[in-house]
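Quick notes on the structure that follows.
Chain lettering (A, B, C and D) follows the sequence in which the chains are written, and residue indices restart at 1 in each chain.
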Amino acid sequence: MRRMFAQSSIVFLIVLLFGQSSARSQNASNASLTGEWELTSVEMGIPSSQRMLLTDSGGHVEGSVTGHWVVKGTVKQGELRLDFSKSGDTKIYSVYSGKVSGTGISGTYSEDGKVEGTWSAKRAPTDKPASPRTLDFKPTQFYRELSGDVAPVLHIWPGDTVRTKSVDAGGEDETSVQRVQGGNPLTGPFYVEGAMPGDALAITIKKLRINRDWAGSDSGLVDRAVTADYVSGAKREWKNVRWHLYADKQTASPENGLEHLKNFSVPIHPMLGCVAVAPNPWDGSLNTRDSSEAGGNMDFNEIAEGSTVLLGVQQPGALLFLGDAHAVQGDGELNGNALETSMDIEFSVQVVREKEIGTPRVENSEYLMAIGLSGSLDDAFRIATSELSSWLQDDYHLTRDEAAIVMGSSIEYRIAEVADRNVDVVAKIRKSRLASLSSKQ
Amino acid sequence: MRRMFAQSSIVFLIVLLFGQSSARSQNASNASLTGEWELTSVEMGIPSSQRMLLTDSGGHVEGSVTGHWVVKGTVKQGELRLDFSKSGDTKIYSVYSGKVSGTGISGTYSEDGKVEGTWSAKRAPTDKPASPRTLDFKPTQFYRELSGDVAPVLHIWPGDTVRTKSVDAGGEDETSVQRVQGGNPLTGPFYVEGAMPGDALAITIKKLRINRDWAGSDSGLVDRAVTADYVSGAKREWKNVRWHLYADKQTASPENGLEHLKNFSVPIHPMLGCVAVAPNPWDGSLNTRDSSEAGGNMDFNEIAEGSTVLLGVQQPGALLFLGDAHAVQGDGELNGNALETSMDIEFSVQVVREKEIGTPRVENSEYLMAIGLSGSLDDAFRIATSELSSWLQDDYHLTRDEAAIVMGSSIEYRIAEVADRNVDVVAKIRKSRLASLSSKQ
Amino acid sequence: MRRMFAQSSIVFLIVLLFGQSSARSQNASNASLTGEWELTSVEMGIPSSQRMLLTDSGGHVEGSVTGHWVVKGTVKQGELRLDFSKSGDTKIYSVYSGKVSGTGISGTYSEDGKVEGTWSAKRAPTDKPASPRTLDFKPTQFYRELSGDVAPVLHIWPGDTVRTKSVDAGGEDETSVQRVQGGNPLTGPFYVEGAMPGDALAITIKKLRINRDWAGSDSGLVDRAVTADYVSGAKREWKNVRWHLYADKQTASPENGLEHLKNFSVPIHPMLGCVAVAPNPWDGSLNTRDSSEAGGNMDFNEIAEGSTVLLGVQQPGALLFLGDAHAVQGDGELNGNALETSMDIEFSVQVVREKEIGTPRVENSEYLMAIGLSGSLDDAFRIATSELSSWLQDDYHLTRDEAAIVMGSSIEYRIAEVADRNVDVVAKIRKSRLASLSSKQ
Amino acid sequence: MRRMFAQSSIVFLIVLLFGQSSARSQNASNASLTGEWELTSVEMGIPSSQRMLLTDSGGHVEGSVTGHWVVKGTVKQGELRLDFSKSGDTKIYSVYSGKVSGTGISGTYSEDGKVEGTWSAKRAPTDKPASPRTLDFKPTQFYRELSGDVAPVLHIWPGDTVRTKSVDAGGEDETSVQRVQGGNPLTGPFYVEGAMPGDALAITIKKLRINRDWAGSDSGLVDRAVTADYVSGAKREWKNVRWHLYADKQTASPENGLEHLKNFSVPIHPMLGCVAVAPNPWDGSLNTRDSSEAGGNMDFNEIAEGSTVLLGVQQPGALLFLGDAHAVQGDGELNGNALETSMDIEFSVQVVREKEIGTPRVENSEYLMAIGLSGSLDDAFRIATSELSSWLQDDYHLTRDEAAIVMGSSIEYRIAEVADRNVDVVAKIRKSRLASLSSKQ
């Protein structure tokens, strides 16, 4: 099965009603509920979170919940009841009832009179530092599976900058000590205060620098890159290739004494193979060699210093992971590994509230870039193109036809990666082409 | 990165050497090591298991380990040292050293003198029941993520039969009570004694029967099944479709009062959408809506009563999960959901030792069937075809060209499923076509 | 460019106006224009044909033209003028003017007052034989390119049966004499009286029988069928494989003395690899190793005795070609060649007027089958599925959702061929599943 | 069938033997055969041509024929006999016998004593102009089907430059007069003296300039570029979009008064959508909306001024066609049409003798580029990558592994086109990356 009872999953977190007040929540229950809340509904053990904005007018409570929900209800003596409906629609989809306490609200929700699950809400954090901070974080653990079950290593605020490090894809750090099993172990997770599902997290890579003098790679071409004719008759013995990284010249050269590559060198262009948020709890965990709408192992060589990655937040705090840095990578990551190495990373984050995106996006000074991730280049291409069109329609006031016309004359594509389960096709457009259009942003 | 230091992952569990003997393991250390062992090596927290066969000739120990390893060494006063090499190759790839105790052996292993990890071994189980048993198991929990971390619900032996039940893909059981969140929650895991990585697990579905009078499905066609022309202009509102299941007639009909389908009915043909073993620990967990060489959500309508599914064992005991039954499903599972319902299941298991297969296989009285799982039909087709060719070469004494000739004249294909991340293409061949060939089996 | 000025191509054959009458057309010009005409418009040298139905009420002419055109005009003294519009739309898209003569009508047509091309019309044939005929045709020439430029070898009427022969794909006939260069040389073309673009031609294969004792094939698997892993390391030397055909047993066995296939035999199941009509003149010719909506080299093993192939007519008379018979073929035609042989063919034709189909269809006593032809299995699958849905909606009074529900429970797929430029995926449904639905046919 | 009796097609043009001398060929038959010949063998009406180099030592004739053939024989009294074999192989594959006349040689060829076809040979042209010429050619006809049957409009020599014009994809010229039916009508064919199958033709675009003030395009996205989600619910009404071309500013802007694109403009970057040689006669003709190893409608926006296109010659004289120019085109040609316009073209040609390439190549001052053409992006990607690897191995003295390492670090990809039957993926590498390697060229 693909998705069962999809409608219930859309609706499953929907109304709150205060039970009987108790003496010990007296103070809390008297406080106004006005303000921003982080609401988490739990059905059959699986949590789902949304931002809730309430206005409490002396017991009459109104507001909205991410997902275009309108909520209306009452609070009396610490008992809250909220009906969830859609704007312009009288139908009550869900009823949330709960009790207010000093630390939040909690209760059950029901559809058609039947209890569907439990919920809780807490105040959105408000203690944002007066000015952005720069924080140093030295990782001691690295993760190969991304999920909301991993305890955050650091809580940061939008605007904050973090200086940290990543080990290479095989788990070796800047001193060539293996710290963790290979397979793209990542640094993090960083909890971003205020980030909620429905928001987008913008991660700006402020610095990305090599911090050791070697990188590891391979000598073969992955299956997806070769024709049967090319492969047949040839033995395919993959060998490790060790590259020397020259910090002074910022170049890399293979060390292995390959006869015709003695003078071969390429300019170092550091990039992050993996940038991810924790996936939707409904989907379980995400392996760091895989990718999804939460990002992950995208291996796109323009996720580099100066670029900003935009990912759809799937869990409260987003839970940002990053690593799998490459000193250099050609398009496609044809050798399976790029020039895998450890890295010094400096990044900052922002939260774009209530911003729905369909697939990860990257932006730098020159380009808007939409990343299509799928099991074939043909499908990834479709996704990337459709997403870039939506981007232009949303942010540049274009009709569907106008977006098509702009793209037809100006789009560019990259095939970012073909080495993993998902391939990545990137649809790009130069910002200079869009300069004459009025952006909403 | 795709796979870093692949060679180390191939070699990472390779030699054992006894440390100093201790008084408390005296008895154990005097016992002969001859026999079959289950060896587990752990590198950076990730376990990997193999079967080890040892012959202990008064302190001289020789044997083999799954993966074509030859081991040689000595045991003195409870201290074992084993060198791992390949047949006809003097190179020592790894050295395992450890101490023998009453419950097994444990120690560390090293490559080139450097400790790579720890290991332990225990005797393969020998208390197989005198005759196959039939066991009843009533599930109380259901799993949406498959991994070796889930405690087995039942230990069974090859030859045993189990009678159990599955909930539907949405988590509802035979009394229409929702027992778990939807998304193909499965019954199990069943630990199969003696099954080890390198073996194949054969699961024979002896009975598969509906146990309630309804199934849930949908009204739309999944994206992968439709052209842009077909979709454009049409609103795509997926509706739930409830089917009535007639146990007497063994037919199913939609209940929703669809104008032109009032008399429409289809014969019930129960099948299991998911049959899986726990995946390789290196790969993390496997979501039950996904599939891999460990099986999973394959949604192939010939995984039905009377068929045997062959899966490559990835962990000790295999850890068999099953469920996601369908009362009927057309090829492709075009509606995203098939006729999802709960089921009574009776299955037996066998272990085919040291049987390497590339992708899940199914066999029934009429056909051999290889399932190609990949992100596109084109790639899944290549996998299915190549696997069936290997099958014919291995089990029917054919050369590569002979297999090609047999297939060219006799192969059949099914497109089993396109509704999930992996699509499934099945390459089939009638056993009657192979009757004149001599099978090795 | 893909298609330039698409609208003009839709509209390019649109109005007729009589010029000055001449003495020699006096009789003709006085005759009523009432009846059915075959209209051919020529723009820049490229013809396009349509059926035209006219009612001449004493000089006032009204009627319709294939493509949902409504025509209205006048005829005076042998001068005809017809305005082309759409039902419920006052816009005049084109004006056709022409002169009536004894053999037909001819003139020019214009859009917005500008002459776009010339046209001519002749009476649809009316001399249909009283009862269907059975005709024998012994081919002397064979064609490797299909186009309307090839002179028909025989004019037949709907209902007629033809008995003929085909050479094998390499050009050898039933006496093993090479008659033509290889590459699927075909028998025909047969001109079917009354068949016009917008119609569908139904070709029923009444008999298809081998007429010699051998077939030629190959020993390898085509590139599209194998993984890189399967191919790498192996030499790919394709060898011819000669099969013996046993007419008595109706089996085939390889002759080449292959060690493990000495006793291997397969039942003969004759099929036609190619059935085609001449393609749309705008598209140029169609190579007989290729396929399109006009049919061609589809290599589907259910195009066999007893089946009916439905192809969209592209030119007047359809111009039917057929051949490339196979004694047996597995799905996919994995060896590049199937068991290629000459054949005795007996077929009949019918014309389904004004029947728009999207891709070739096949029907036999058990199944409806839609053939998706494209450059990848994924796209061919989409086409086949969408076409079968349209078929069910059109012929069985189903809504889009109802068709999806029927297909989700009952569809089957075959991968007919992967050896040529287009691959073929076939979507099938058993007629027994549709028995409870009311067919329009 | 895919290819029948492939071996005969490889061998089909192989030996020549003089018949009886005749009086009228006396002079010719006495002349030495030493020199270069253009050999054409005809089997069942289909010609195949090769270069033949002979040394005539008083009646003993030796030499070579394209395809790595070694020929040996005798000529006596105007009768030639040549045995075709492979270097280091005593097998005689074919015997060519023929008579020498004043204008060449002609006769029959046989395999295993059986006559397979006829052949003729003429002296390679030797009257090359002393210095390269610049020729003006004003086209009067344009072609929508490419084949060797079209009479050349001009004979040119390697090194020559031609100045000519192309109409737009819809057939309109620089004065907006429609000259031919649309569908990429091309200018040519130009016969290049000395070009023979087995050679590569290098076409350098010296100038490519717009010559009118408008271009035509469309407003939609082609099916291959959009997801089902993107398309569903939206009406897809493709509209023509007319762009104004500003020669002074070298920019283009849509004319249609689109609300949000009033100020939108893009820099003009002229390119040729089609560059082709006549296809192999065995394959029939090539539609100008299609592409193959002979080039054709590749729609790659770097086939522009300053670039050189390399195509494998398929027929004597190559028969070069070009046209379908675009003022600007984004990657993919997403609107089906790019900015289609007429163009002034200046190009020169060179012949690279005995240069086997697998797919069209493009080179400019910055990049080597291999164009993969196939029915899916996945297959086109494989072809492009494999071809670029072969290019590096052939021209830069690299082993297969070394080429893989260079590509892994340095390759770039473009998705050139998705609007036609074949999609184009381009694998590129910067020449600066290869500067340290020694090129063979």
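Just so it is clear, a residue touches a chain if its C-beta (ideal position, glycine included) is under 8 Å from a C-beta of that chain, and two chains touch if they have at least 3 such contacts.
Keep in mind the model is a prediction, meaning the values are calculated, not measured.
Q: When every step has to jump to a touching chain, what is the lowest number of steps that links subunit A to subunit C?
A: The least step count works out to 1.
Q: Go through B-C and A-B and name the pair with more C-beta contacts between its chains.
A: When A-B is set beside B-C, the one with more contacts is B-C.
Q: So which chain is farthest from subunit A, going by the mean of the CA atoms in each chain?
A: Farthest from subunit A by mean C-alpha position: C.
Q: Could you state the distance in Å from the CA-based centre of subunit B to that of subunit C?
A: It comes to 47 Å between the two C-alpha centres.
Q: Between subunit A and subunit B, what is the separation of their C-alpha centroids in Å?
A: It comes to 32 Å between the two C-alpha centres.
Q: At least two other chains touched by the same residue of subunit C: list those residues.
A: Each of 226-227, 229, 234, 333, 338, 376, 378-379 in subunit C touches at least two other chains.
Q: What residues on subunit D touch subunit C, complex-wise?
A: 1-7, 9, 43-46, 144-145, 168-171, 178, 180-184, 216, 222, 238, 240, 273, 282-285, 287, 289, 297, 299, 324, 333, 336-338, 340, 374-376, 378-379, 419-423
Q: Can you check the complex and tell me which residues of subunit B touch subunit C?
A: 217-221, 224-227, 229-230, 234, 239, 241, 252, 254, 258-261, 263-266, 328-335, 338-339, 376-378, 381-383, 385-386, 389-390, 396-402, 404-415, 418, 425, 433, 436-438
Q: Residue numbers of subunit C touching subunit A in their complex, please.
A: Against subunit A, subunit C makes touches at 223, 226-229, 231-236, 376, 378-379.
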